[in-house]
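Consider the two complexes below, in which chain A is the common component and chain B and chain C are the respective partners.
Up next is the complex of A and B:
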């Protein structure tokens, strides 16, 4: 039986808008769910998705992707790769699965909202596949993570994390709710698919896939590359939205949506991906630095996408470029210090050879972060265990939920930002986060950061152990140094099997 | 006397940190309370140097004997600790 070419019937088949007679257009597509920009159905008819696919093609391609990923995993199941992998790489797997499995699932309502409430037929079509994509990403990554549960209880967090009150869960839920649940379909198509997926997922899924292949973790590399092929398709939903909005005089509002979401996602991604690429990946298996990946995937590709659409770079672009040099270094050090609050074992990644690599990639690293690690290493060598853990919490931002970081050994290069609103002070890590809050304080006023919860008595007792219990992290799940501090002894870093010297006299 | 949470920006540090101080604390005691979370943990101990306190964007250090109560601080005020 002969089939028509897709191009011969696709546009007609997906022309599913009609003129409602029994309800008004606003009842069929409520603005708060569909389109706060106020465009009519006719104006949305111009929406033209750049990547067209039929359901038959989709199912065929996806079934082959799944077969590939599962068969590679099955073939490598007996390779004992995980057991023989460096502890830093094991931590990347824990971090990735914990952070992403159910975050992928949280994108399903977003794609579904576009599939139901998008005013453009093309958006609805693409988003239907997008929802199926995100279900696949959730299922396949949970399946891969489950393989490791018997190896470490920390892999339980793949299922558990987003239902806890850990700082990472609160930050992720807040960002995803602001992007998905609290936005109309048109806005979320920009925030989720353009700013997050087109902007950042290449970092996690292609940058890390390259490192995974070099590390010999072909199962994981193949898995996340497979996920990214879907992201590359449905991430184009937002670009088509932006073209329609700009053509109809809504450039300023569209730009604002890009600026809000790009910054929120940058705050999450440097925290997740930066340490993984620059510190946790074993040195011998690193491809590029985090900065080099950012420059390739974001500064070059995403910036070009903005310009091609006729948009401006976000107003904070210069600060964003500057922050590539320091945010994740300070974030990594802070996460290592509060490692009991995470579900993976942070690798310090600061042995002599790793420091040389960091200095080459980030000139001046030794004189800044290296000096902080010197103090920590000295405490390790002298057995000052109490100095290796915090006695209080870092200040956390009321928008992104993350710490307020800057460059060390530059006096007071850091600073806080705050807004007084409704009888209280809201605290921010940066000018962009403060700007986001000030745009719509009513949207954000009831969200409580971990610090708010500590200060208002939600966390009891209000100390580190009380906080860990509030985070629902139990012994066995809480992070520890990935290499049992071997990096602090230069001779052990060269030969991990060597006998550890006795602690130096304090 | 009561506890007051302030945000501490310690000289040469890179992360702002929540520190509880007592409203009866003098500025010297505030500096000591803040140093507990930085000096000797990520930054070197400098016991022979005098620490001073100022508010973020404040030009001058606050008098060493001034108390938190007298300074009129409110929750989540941001202070900078620096060595003289």
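Up next is the complex of A and C:
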């Protein structure tokens, strides 16, 4: 055997830039599609992707990864794990697949935009694999989710969610479109691969995988760990972009791209992952708290990645650190309250033992959120059903599409942020979302939040049922309390450390 | 304690996704994981959840939604090979193992050392610079993924982009091998110069530079998969393989045959997509023919220039021309255009 090493020929495979003669460079690489930073083809030739893989290695490694993941699933398919799982865990599966299967697919045209319009050949090649990786993540997760469609109609949302106009779909599309396909190749390489994938996917895919393994869901744990191995590779596309930009005097612009995307992803991820890890995962199977995962995967690792590149922490870093303490607690309570608008059954996760855990992980939790849950529990016990459902929706941010939440019982610290632009006022959940809008108001000008749509008459009738139908969420898909309110009767509450029988299995 | 305990219209679990349930048959794995996964193809006015006039929303409206190539439901297209990611990597892993075997076997036989000096010069000017051409096909295929109107089309195009990179890599590999075994050939240094200046490549370069900025998705698809790629298969790769066999380069001939297997797959899905487009709207025949007629002169000039430079292949260009025409004839476009014009 006398094969060449990859290093012997790899540089030739990425020496593919040429000087166009029959069309102009700007026609071939329109700045709005390629590079709004304005670097030349020659400047981009210094781009050096740190993780190198050949096509030959790629199809070999990836086919073996798939063989592993599909065979674990096949081996465990008859284990009835799902039927016997706690309703909270069942909800995590519904939430995860609904939120992620098609979101992954947004990165297929996104990566392909880098593969076509990236000015660095190394970026174009790695993004060619990146597009395939994202196709894998869509397809393998859809396949695993499809196994459950006969268990609950809510699993249909794994396929359907992002073609609806539910608040979650709009918020997800908005974050993805603003940071992926709606950006030029250079910017999206930072926003998608550096800020989103290096910043946050560890949280969902490794944090949740740890909990899944402890919960005995080895099929899911193995699946999402396998997905993350691809992310670890192609998420390095953006770091190499940042090095080129910084070397060419574009540090300030590069920093702005990081700051915009990191905030947009954070707003989405605390909504998705925070409640899953701190409330929906059965207490006995929790590994770390959401805050501990954030501190490990983001505060430590992402901060180090920023420093290594010579970038600064985002300007709102202190507020970000503060928000780790409260965003997802308020978000979880709110989602539980508007649970009809989601496709999973939120577990309240506030039994006595769970509250003790929350208080230990987040000192002061009882005084802030516990007091609100006391009121809800009291309403449950007294059968005040009308008070367990919202009369309308909460105020939603004009950038992230998520609610304007805050810390209860802290002098009602909620404050409004708004910007007057054109003929109207835009409302924001936070200073960073307002900052994002103010940077480029035209980018968001005629986009309407769900609340705007209610006020403009797009949603008819403008009540909860009309809104749910506008969301394309029908009875059978809408969320309910995962444990049928058992947590509200402390004297009757089941031991939360034990597996609780699920409603669906029952 | 739910608000819908008395509702009778509660949706029940199905045996598959709701959008596939109406078909009343067991869906294939391909259908389960490939169909309707491109969410931004749904909202025609505002493909992206941003201001309706943001650059990329205008781009998608102009080049995807307003394309002259029309179909009421592009998501109904199916890849005839039903390839998904899992089967693609398995398939290509096997094919790459075969290519590894070719390289290993020929290296053991000191294949490169036995090639004649004239042929080494031909390889340096007409083979190793090909990575630039193949990379333009990779970029063009990737562009289709950015703008095509359904996930089942996107997936075919994304796999095609990867196929093209496969051969960029193998040409780079062979360039490094030749540089090692035949240092006198200048391999690994002169390719960009040949791609940018050698007369044999300028037609292909003009074709691909111009095709890379044909941003309408339908035109990009037809120009790439019905004009440029078939022309390069028939007027560059196949004649080069023929010349290689005449000069004792069996390795190159085998490699090109392996490469053409990927092209056959590209033609299968491309032909299926055209048939699907014609079934949806016969007026597409005229649109497709217009694009074929628009791009063919550049493609013909490209293959003629290349074949002229190839040794011992005097009729290669005309054979290539015939082969591409035969491929086009297989679609029956002229008859459909005529019938469509005649219909009231």
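Methods note: the second predicted complex is superposed on the first by the 493 of 506 C-alpha atoms of A that agree within 3 Å, B and C clash if a C-alpha of one lies under 4 Å from a C-alpha of the other, contacts with A are read in each partner's own complex, and residues count from 1 in each chain.
The criterion applied here is as follows: a residue touches a chain if its C-beta (ideal position, glycine included) is under 8 Å from a C-beta of that chain, and two chains touch if they have at least 3 such contacts.
Just so we're clear, the structure is a prediction, and the values are computed from it rather than from any experiment.
Go through the superposed model and pick first if A:72 touches only chain B, second if only chain C, both, or neither.
Neither partner.
Quick check for you: in the superposed arrangement, does A:232 touch first (chain B), second (chain C), both or neither?
In the superposition, A:232 contacts neither chain B nor chain C.
Is A:305 contacted by the first partner chain B, the second partner chain C, both or neither?
After superposition on chain A, A:305 lies in contact with neither partner.
What is the contact status of A:353 with respect to chain B (first) and chain C (second): first, second, both, or neither?
Neither: A:353 stays clear of chain B and chain C.
Kindly classify A:321 by the partners it touches after superposition: chain B alone (first), chain C alone (second), both, or neither?
Touch partners of A:321: none, neither chain B nor chain C.
Considering only the touch criterion stated at the top, classify A:213 as touching first (chain B), second (chain C), both, or neither.
neither
Of the two partners chain B and chain C, indicate the one touching more residues belonging to chain A.
Of chain B and chain C, more residues of chain A lie in contact with C.
Could you list which residues of chain A make contact with chain B in one structure and with chain C in the other?
The overlap between the chain B and chain C interfaces on chain A is empty, containing no residue.
Can you name the residues of chain A that touch chain C in the complex?
Of all residues in chain A, those touching chain C are 1-4, 8-10, 12-13, 15-16, 18-23, 27-28, 32-33, 54-56, 58-60, 62-63, 66-67, 70, 101-102, 105-106, 108-109, 112-113, 115-116, 121, 124-125, 127-129, 131-132, 135-136, 138-140, 142-143, 146, 149-153, 155-156, 159-160, 162-163, 170, 173-174, 176-178, 181-183, 340, 380, 383, 385, 388-389, 442-447, 474-478, 480-481, 484-485.
In their complex, what parts of chain B are in touch with chain A?
Answer in residue numbers: 5, 7, 9, 11-20, 36-37, 40-44, 56, 74-76, 78, 80, 82.
Under the touch definition given earlier, write down the residues of chain C that touch chain A in their complex.
Counting only chain C, the residues touching chain A are 1-4, 7, 9-19, 29, 32-34, 36-40, 42, 46, 48-57, 59, 84-86, 88-90, 92-93, 96, 99-100, 103-104, 107-108, 131-132, 135, 138-140, 142-143, 145-147, 151, 154-155, 157-159, 161-162, 165-166, 168-169, 172-173, 175-177, 180, 188, 191-192, 195-196, 205-206, 209-210, 212-213.
Which chain A residues qualify as touching chain B in the complex?
Contact set of chain A toward chain B: 326, 330, 333-334, 337, 368-369, 372, 375-376, 379, 384, 387, 390-395, 403-416, 418, 425, 427, 451, 454-455.
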